[in-house]
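Sending over a structure as structure tokens; questions will come in a sec.
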Amino acid sequence: MGPDALTLTRTFHFSAGHRLVSPAVSEEENRTLYGPCFRPHGHNYLLEVTVGGQPDPHTGMAADLNALESAVRRAVLDLVDHRNLDADVPALTGIITTGENLAQAFWGMLSQALPAGVLRRVAVVETANNTFEYCGERSDGDAE
Amino acid sequence: MGPDALTLTRTFHFSAGHRLVSPAVSEEENRTLYGPCFRPHGHNYLLEVTVGGQPDPHTGMAADLNALESAVRRAVLDLVDHRNLDADVPALTGIITTGENLAQAFWGMLSQALPAGVLRRVAVVETANNTFEYCGERSDGDAE
Amino acid sequence: MGPDALTLTRTFHFSAGHRLVSPAVSEEENRTLYGPCFRPHGHNYLLEVTVGGQPDPHTGMAADLNALESAVRRAVLDLVDHRNLDADVPALTGIITTGENLAQAFWGMLSQALPAGVLRRVAVVETANNTFEYCGERSDGDAE
Amino acid sequence: MGPDALTLTRTFHFSAGHRLVSPAVSEEENRTLYGPCFRPHGHNYLLEVTVGGQPDPHTGMAADLNALESAVRRAVLDLVDHRNLDADVPALTGIITTGENLAQAFWGMLSQALPAGVLRRVAVVETANNTFEYCGERSDGDAE
Amino acid sequence: MGPDALTLTRTFHFSAGHRLVSPAVSEEENRTLYGPCFRPHGHNYLLEVTVGGQPDPHTGMAADLNALESAVRRAVLDLVDHRNLDADVPALTGIITTGENLAQAFWGMLSQALPAGVLRRVAVVETANNTFEYCGERSDGDAE
Amino acid sequence: MGPDALTLTRTFHFSAGHRLVSPAVSEEENRTLYGPCFRPHGHNYLLEVTVGGQPDPHTGMAADLNALESAVRRAVLDLVDHRNLDADVPALTGIITTGENLAQAFWGMLSQALPAGVLRRVAVVETANNTFEYCGERSDGDAE
């Protein structure tokens, strides 16, 4: 059995404002590129965090859910919930806040906040019809 | 059988940014009053529109769904979808964009766009856990 | 406390094929009237059945859920599930199978199958965005 | 416009264990009466609380959501969440924990914890297919 | 980081009629094999389309959502939505319209309509309880 | 095309009571370790069972859904639905009933009940926010 056989996914909610603007192109081109998403708006986002591990035989748990909860809250939710993602989140400065970029940014923020090697997948659900998933390289915790 | 025996509810989606700020109180009091909702953020809103009527015996329909769809789109969705509700929607100028106020404002906008007397209920679902419903007085169409 | 203070709603699922065709108008007019719904298609329908009553002090139940379940199954679901509503359901013969007409037809079928006066509301959810509700007159069971 | 024109519904979650047992009948009769619900099991319940009111012109809010949240938490959720409803909830002693009885009991607990006359409806969603709603009499707050 | 690290899934809806019939066996055997699905019925299908890619540094997008949307609409939805899958969809001629076969057929239709090598997964959700997923071989776009 | 290209996921529901208690530690430590989950409570669980295979050209089905349904029912649901997982399910004796352990236990129970080599994934959804997935080694059916 490989180390990924068992995973646990926890879903979090946050509400945030954003718009899509590329500094590389003109306002006119931004309007064409992003359509209505160029206008300031917002979403009820879901953030799904998947971690892998073996259940501890003494507890039956592969991850300390309380520790996971507080790490995600501290590393991501406290920074983005009820914020304007483009203006009020220093960790996202200079990032176009597409779902793709958010998934990668949250992976980076979470992989530092969680024990090495446990993070498997980050999904950002922007609307019921659009989900962005990122499965980065595992950190060295796995290499041990 | 009363005229309300049969109703039809159609659900629409829009994504918008907003924040709660009362001009009547100080920034400090706003922060206390609205908590995180004082900060700019946003939502994937659902708008539920309920109309009543008798099915036309020739069509089996109590309302022309296409006409309903285009009235809601023209009267509300085109104005609010992918917008900042506080800055970019003239119809909401001067309104604190709570769910309560949005439900009442959308009722007003819809009751003018729909045939007299058909509107029964407007619901604004701000998040999966918060729904605001408004059932105003019927317009004079009913008085006939 | 009125007799309607307490209600119980049970949700059922069925999958059925249908199309909208009015015998009163030409094929061309049908196409205009119903748009894509004029073409044969189908849905995963939800049927919500609401009954009212007072909890029996000995059982804590306002309705016998098993009896309700089997009445709905026998009176409606067995007739419509995995059927073509327009061709294979005798109880719907001559009915244009709009959500409005289905809600009224199911009310009729259910009010005969359930104890007099308990039925409060029938809702037909055709898609996640379209719900049709019917609250007919109570049968004489209530008049006692 | 009547006092009920505007309502706000907030949804809460709790997970609890229970079983249905009537002290009025034998074990054999209980088994027949309740079927599998006679065996100890549990649910992820939803509790929907609807309150009515007029939006305060200074705040745009018909109810103080924080006060509502903490009243529901204190009056119901803290008592029932992650509990055995039949053994560990003094407020439910002697009550057969059907959805009907829970809806009525929660109405009683909430109408005392909330401002007089604001409570409109309590719904207990036991599973995705079974919802129990109670709309009791309004307390004297309305009589004023 | 491999090319699959980032994926984007977009969900589409369509309503269609169908039935399961195998030309290889008798009517009696079809009835046994498919049970109620042998009878004409229909579904609200979900079609989930997953594509992979790297976010473009200038736009933050791994795929042009508008192009994806119109490709899926043209290649699949326009052909199947509000249709009888067995009679009115030339692209499905000769195919038993099980979820398995639909997922494979849609993969084929989509892999031609989308840029080479971007399609990762097609899922057909027939009902809330039945999902069929297909992850075919990548087209030669990847082989470059 | 590998043997996993096509999968089918079927979702089942069961309601059960449980609590988390580790025999390895004191009551005080259990309370700290599991928090509210140490108290007897319960859930509406979802069980997702994913199987892989190639569609049979004569039937278009990769798995006999009826056989799958009855295998899952016999091997898991009949044992756990409307039960106390800690006291009334012999197959779970000695197991701390965390989602992790349930997913692994159900995998074991299902891999014996299903044809060799078809089981791909078992997911236990404890609440809308917590999902546990297990993808064990394939049984020898695949080794052929």
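Structural remarks
Going in written order, the chains are labelled A, B, C, D, E and F, and every chain counts its residues from 1.
The criterion applied here is as follows: a contact is a pair of C-beta atoms (placed from the backbone, for glycine too) under 8 Å apart; a residue touches a chain by one contact, two chains touch by 3 or more.
Keep in mind that what you see is a predicted model, and the values were worked out from it rather than measured.
The chains that touch chain B as well as chain D are C. Among the other chains, F has the CA centre that is most remote from the centre of chain B. Between the two copies, chain A and chain D, the C-alpha superposition involves a rotation of 180 degrees in steps of 5. When each chain is reduced to the average of its Cα atoms, E sits farthest from chain D. Look at the contact of chain B with chain C and you find different residues on each copy: under half of the numbers used there are shared. Taking C-E and C-D together, the pair of chains sharing more C-beta contacts is C-E. Averaged C-alpha coordinates put the centre of chain D at 31 Å from the centre of chain F. If you average the CA atoms of chain A and of chain C, the two centres end up 43 Å from each other. Chain A and chain F have Cα centroids lying 27 Å from one another. For chain C, the set of residues that touch two or more other chains comprises 128. Here the touching chains pair up as A-B, A-E, A-F, B-C, B-D, C-D, C-E, D-F, E-F. The residues of chain C lying in touch with chain B in their complex are 20, 22, 24-25, 33, 35, 95-101, 103-104, 128-137. Against chain A, in their complex, chain E makes its touches with residues 1, 4-12, 55, 58-62, 65-66. Residues 13, 15-19, 36-37, 39-44, 81-84, 87-88, 127-128 of chain B are the ones touching chain A in the complex.
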